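To keep things simple, chains are lettered A, B, C and D as they appear, and every chain counts its residues starting from 1.
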Amino acid sequence: MGRERLFNLAVILALLAVPLLALALDEPFVITLATKVAILALAGVGLNIALGLGGLVSLGHAAFFGIGGYAMGILAAHAQNYEPLFSWPFLFEGSNQMPLIWLVAVLASAAAALVIGALSLRTSGVYFIMITLAFGQMLYYFAISWSAYGGEDGLSIWVRNEMPGLNTLIPIQFFGVCFALLCGALLFSARLAGSGFGLALSAARQTEERVETVGLQPFKLRLVAFVISGAITGLAGALFADLNRFVSPTMLSWHTSGEIMIFVILGGVGRLYGPVVGAAVYILLEHLLGGISEYWQIFLGLLLLGMVLFARGGLIGALLGREVAHD
Amino acid sequence: MTDTSLSPPMQPVLRVEHLSKSFGALKASNDVSLDLYPGEIHALIGPNGAGKSTLIKQISGGLQPDMGRIELLGHDVTALDTVARARMGLGRTFQISSLAMEFSVLQNAVLGALGACGKSLGFFRNVMKDKALLEVAEEALSRVGLLQAAQQRTADLSHGQRRQLEVAVALTLKPRLFLMDEPMAGLGASGSKELTGFLDQLRYEAPILLVEHDMDAVFALADRISVLVYGAVIATGTADEIRNHPEVRRAYLGEEDET
Amino acid sequence: MSLILILEQILNGLQFGVMLFLMAAGLTLVFGVMGLINLAHGALYMVGAFAAAAVAGLTGSFVLALIASLAAAAAAGALVEVTVIRRLYDRDHLDQVLATFALILIFSEGTRWIFGSFPLFLDVPDYLSGPVTLPGGIKYPLYRLAIIVIGLVVGAGLFWLIARTRIGIQIRAGEADREMIAALGVDISKLYTLVFALGAALAGLAGALVGAIQSVQVGMGEPVLILAFVVIVIGGIGSIKGALVGALLVGLTDTLGGIFLPRLFTLMMEPAQAASLGASLASMLIYILMAAVLLVRPSGLFGGSA
Amino acid sequence: MKMLKSFAMMTAVATAVSTLALAAQAETKIGMITTLSGGGAGLGVDVRDGFMLAIEAAGRDDIEVVIEDDQRKPESAVQIADRMIQSEKVDIMTGIIWSNLAMAVVPAATAQDVFYLSPNAGPSVLAGKRCHKNYFNVAWQNDNLHEAAGAYANDAGLKNSFILAPNYPAGKDALTGYKRMYGGELAGEIYTKLGQTDYAAEIAQIRASGADSVYFFLPGGMGISFLKQYADSGVDLPIVGPAFSFDQGILQAVGAAALGIKNTSQWNKDLDNAANIAFVADFQAKYGRLPSLYASQGFDTANLILSALDKTDVSDQDAFRSALEAADFDSVRGDFKFGPNHHPVQNIYVREVIQEGDVFTNKIIATGLTNHADAYAPECKM
């Protein structure tokens, strides 16, 4: 246990140190990269609650990522164009304040997760994978044809949204915001895993009938986990959209779902810091391999394949060995 | 739970009436009726494929019967699911261990205590530091003699220890009755003997419907025995009655002698 | 709207459904027998189309192209099964999803490496081109009729294979109980390779047939793959009959919905808006259908327990 | 130990990126973001090849071109743009194929004082309300080719068109552009699914509609599918379309189904001017294939940049902007000039698909619009 804690500490410190170093060396783009890692890791932390803790193989988490992104895009677009979003029951002109945008992103993606989860969790196994995939695609096609908000073109926001007391246009400050949220989510995720809910959820993944015989509802446990998971991924979506100052249906596509899942698995399913390691390694690979060959995705594919076949437990698993029972 | 009067004219804790369940042409349960009174151990025996598992599943709530009725503590629970029945006080152990293998022994016991406490689950507080739950869990573990193994990973337990943990988890639920599916299976002579002694005491806490292959244990423990063959109960009675029942001898005990 | 137009659209829906069936049959077989979820099934569809286009380009023969598509997809399927998929049977679905997702990346970019980034040419042969007039005066492309016929023949063959032949018995036994077929003395690993290659060949055939009227390009398999998933979820995973019914249902819903929804909306609003909104809704229709089916039957129309 | 290793890895990357930036000492740095992998990669490859043909021919060693693949993902395009601007300090950017990617990248790039020259996408917002002094479009405004098609339909005496496009913004712009010029009736107007590959249902509707012609905008694989199915359906109404579905890269995949179809384009390989003749020959010599429309646009973009660099240094932004506005280069399209919103004012031709030996290609048969400017210029306040 000590080893993994130490490792986790090192990972999070490294994620903090790299942009600070980049700041000193005047390399703003490295800060942007680190911000991307923090945001994608946050999305992965969200998925990991469903996937790692709850054993729910959702191939539709892009839906929540995208809803978070669109929450930001829609609110900010209205604010920037001074077009009221609605005028009843009160006049609301959208917003460019991050805290409000985050709240809307979290609520909207949680609501979507509640509906999608309530339908999908009636099934399990492969059905669940395919149904979450299909719901994701449904939203994807909807977003493409939703011309009011740019359809396939997406929505561009000219200026990054504001955070009280900070200037988010300065890369390192925006990184700080994302990093703080990631730390918050990691903390939350750790507490959740150790809580009564986490214990029951984890048990439901291992042995559903046991959970039922002690008088707990696996369906309810999973639904709550799915909603929490979707909400965190949605928050990450809002940040990702703000990082790019842009949101488009691509955020909803099933490749995005696959990528978020890759972050989690690359790092190690169910490992608290798995998504952080996974996202960091993925972004590094993308930039290193992408520079070497147009066909870099072949190598990414081979690497993933090797990972699944020979290094189960992800990178952390390969480095630290089997997970020890929680104490 | 602590009924002291043991004479039969009281209300049964569990009453199964005319239960039937078919899978296609196969009648897995054929008009089964049985009951369980406070303080008794009622054993259910029968050859492989007699429909014991199907019956257990229907009683615990995992399977809906085609016909018939199940009553728990005087309430009709036929339409209720596993969770609801568990909450009413049905404590079940599994034939094939269904413990959370990644958990420590203590975590498995705490899970049981958590389900039984009836409070809403916390999202933030560390459940393994909850004194009330730990007390229940540790007491159950110590009763089955597993307390010293509390921090071990469940997957690393021996087969016998897993059977003990099964029983311990059921104990944490403080149930009104136990439904035990072959708790002796694979225990070995000394383990069986130990568990037999334990169950003998446990019956006064809550009655036990015991499905068991170990005939020595069954005849030593059971107040009554029901024999299930081809989905139907062919006889119910005391150990002696069953031993001498001609149909049972033919259909069941003869076969059992061969193994 | 004329009756002829409606009938023609029903034929279109049928043809689309038949195509989806060829895709879905392989997916559902592989899942039923091996318990494997294969995201790379769409890649095999693409392999079939590219093989057909390459062979048609070299020889000019459409029949040879179809044979090539079957052979190439089956070979690719068998190769993938032996090298990768085989190691995944005992893994959980998560590993399967990830590994087959990796295979998609490898196949897609590999194909682009070999064939370049531009779409390939594959055309309908002369003897199947042009329309025919059906009873009732419907003019309908001969090639699409041929697809319907080929699809139905292949479907019938598949049912026959599974219901009547030794291999079919082994497949059904494998679906019911994996240990049992080992006990029967069947070489399981050979059977699995065979089933996987069969599924791949069907996908490859679908790719080639469709490639002749659509474009043969990298990534062509992915939209179809997702539709095939919808099909087998609706039909019930593991059931060939379910795949057929699901495929026809999805084919008809998608085609007819795309036509009638915008028209329905024109009754309520102005044409341009109706066309746009109707089209948006039509693109979501099959997913709504799927959700509806699952509400009533969580394991699909013909599925056992999920 | 492991902690150290991972930290070291991260630092290594940070320094690798920084040394990369230091290594670049060329005077003018051009960042090209284009689509080189995934669907639609063919277009990006052509733009890149055309662009590099001109750059290499110029033989200047003070120009460095950094090329990155956006995978047709707006998110990657934005991030690459951030990196090029922030780390690699490019002066000029170009290369984006798709309107949605351009919308995501261009405003941020121009706001950071980088010149952006579009070799392909021309979304209406960037031509009108959101035009920018540092944004130039060297290809066309998105509506242009569609407008020319509408004008051609009038000239050809077509009176009852059936029009269709995918249900996304560029599709809607396309049909709007066509209708802006076209004067006849509409037999039908359909928005298809983006990425749709089977058009049987739409073709049946065309058959039943009583139209006298079909206009469609279905870029990439969608167009190939539509044309093959249309040819096979027995419906033989004349088709008009924009050049995208009939261009060199795609035409071989469509095959004979496209023969005789009229399409609109601002360029063709048979345009008779010296620059074009040389371009077609050089491109074929270097890459072993005929140049496409996209290659010609990439080539023109590079030559425009080179012409401005001949006059002044990019660091003098105002002078460089004036040099670009002058468009003092030999375009393969013949005469080339910019309107007030930095979009081309140019001729748009009508081409017909023909077969030369076993290669399908186009020849110009008419001029659709002369010196045509886009409709959004009045909205642009620069």
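The definition used in the following text is that a contact is a pair of C-beta atoms (placed from the backbone, for glycine too) under 8 Å apart; a residue touches a chain by one contact, two chains touch by 3 or more.
Computed from a predicted structure; not experimentally measured.
Novice: Find the chain most remote from chain A, comparing centres computed as mean CA coordinates.
Specialist: B
Novice: Hey, which chain is the most central one here, using CA centres?
Specialist: Most central by this criterion: A.
Novice: Roughly how far is chain A from chain D, centre to centre by C-alpha average, rounded to an integer in Å?
Specialist: So the centroids are 34 Å from each other.
Novice: State, to the nearest whole Å, the distance from the C-alpha centre of chain A to the C-alpha centre of chain B.
Specialist: 44
Novice: Measuring from the mean C-alpha position of chain B to the mean C-alpha position of chain D, what distance in angstrom results?
Specialist: Between these chains, centre-to-centre, one finds 73 Å.
Novice: Considering chain D alone, which of its residues make contact with at least two other chains?
Specialist: 36-37, 167, 172, 191, 193
Novice: Any chance you could list the residues of chain C touching two or more other chains?
Specialist: Where chain C meets two or more other chains at a single residue, that happens at 108-109, 112, 276, 279-280, 283.
Novice: Note the residues in chain B that touch 2 or more other chains, in rising order.
Specialist: Within chain B, no residue contacts more than one other chain.
Novice: With touch defined as at the top, which chains are paired up in contact here?
Specialist: Listed by label, chains in contact pair as A-B, A-C, A-D, C-D.
Novice: Can you tell me which positions in chain A touch chain C when the two form their complex?
Specialist: So the residues of chain A touching chain C come out as 51, 57, 59, 119, 122-127, 129-131, 133-135, 137-138, 141-142, 144-147, 254, 258, 261-262, 265, 269, 295, 297-298, 300-305, 307-309, 312.
Novice: Which residues of chain D touch chain C in the complex?
Specialist: Touch list, chain D to chain C: 36-39, 41-42, 45, 167, 172, 189-193, 195, 197-198, 200-201, 204-205, 207-208, 220-222, 224-225, 228-229, 231-234, 249-250, 252-257.
Novice: Mind listing the chain A positions that touch chain B in their complex?
Specialist: For this pair, the touching residues of chain A are 191-192, 194-200, 202-203, 206-207, 209-217, 323-327.
Novice: Taking the touch rule as given, give the residues of chain D at its contact with chain A in the complex, in rising order.
Specialist: Those in contact with chain A are residues 2-4, 6-7, 9-11, 13-15, 17-18, 21, 36-37, 68-69, 73-75, 78-79, 82-83, 86-88, 99-100, 103-104, 107-108, 111, 123, 167-170, 172, 191, 193-194.
Novice: Quick one: in the complex, what on chain C touches chain D?
Specialist: On the chain C side, the touching residues are 1-2, 4-5, 8-9, 12, 15-16, 108-109, 112, 116-121, 123-124, 129-131, 139, 141, 143-144, 210, 212-220, 223, 255, 258-259, 262, 271-272, 275-276, 279-280, 282-283.
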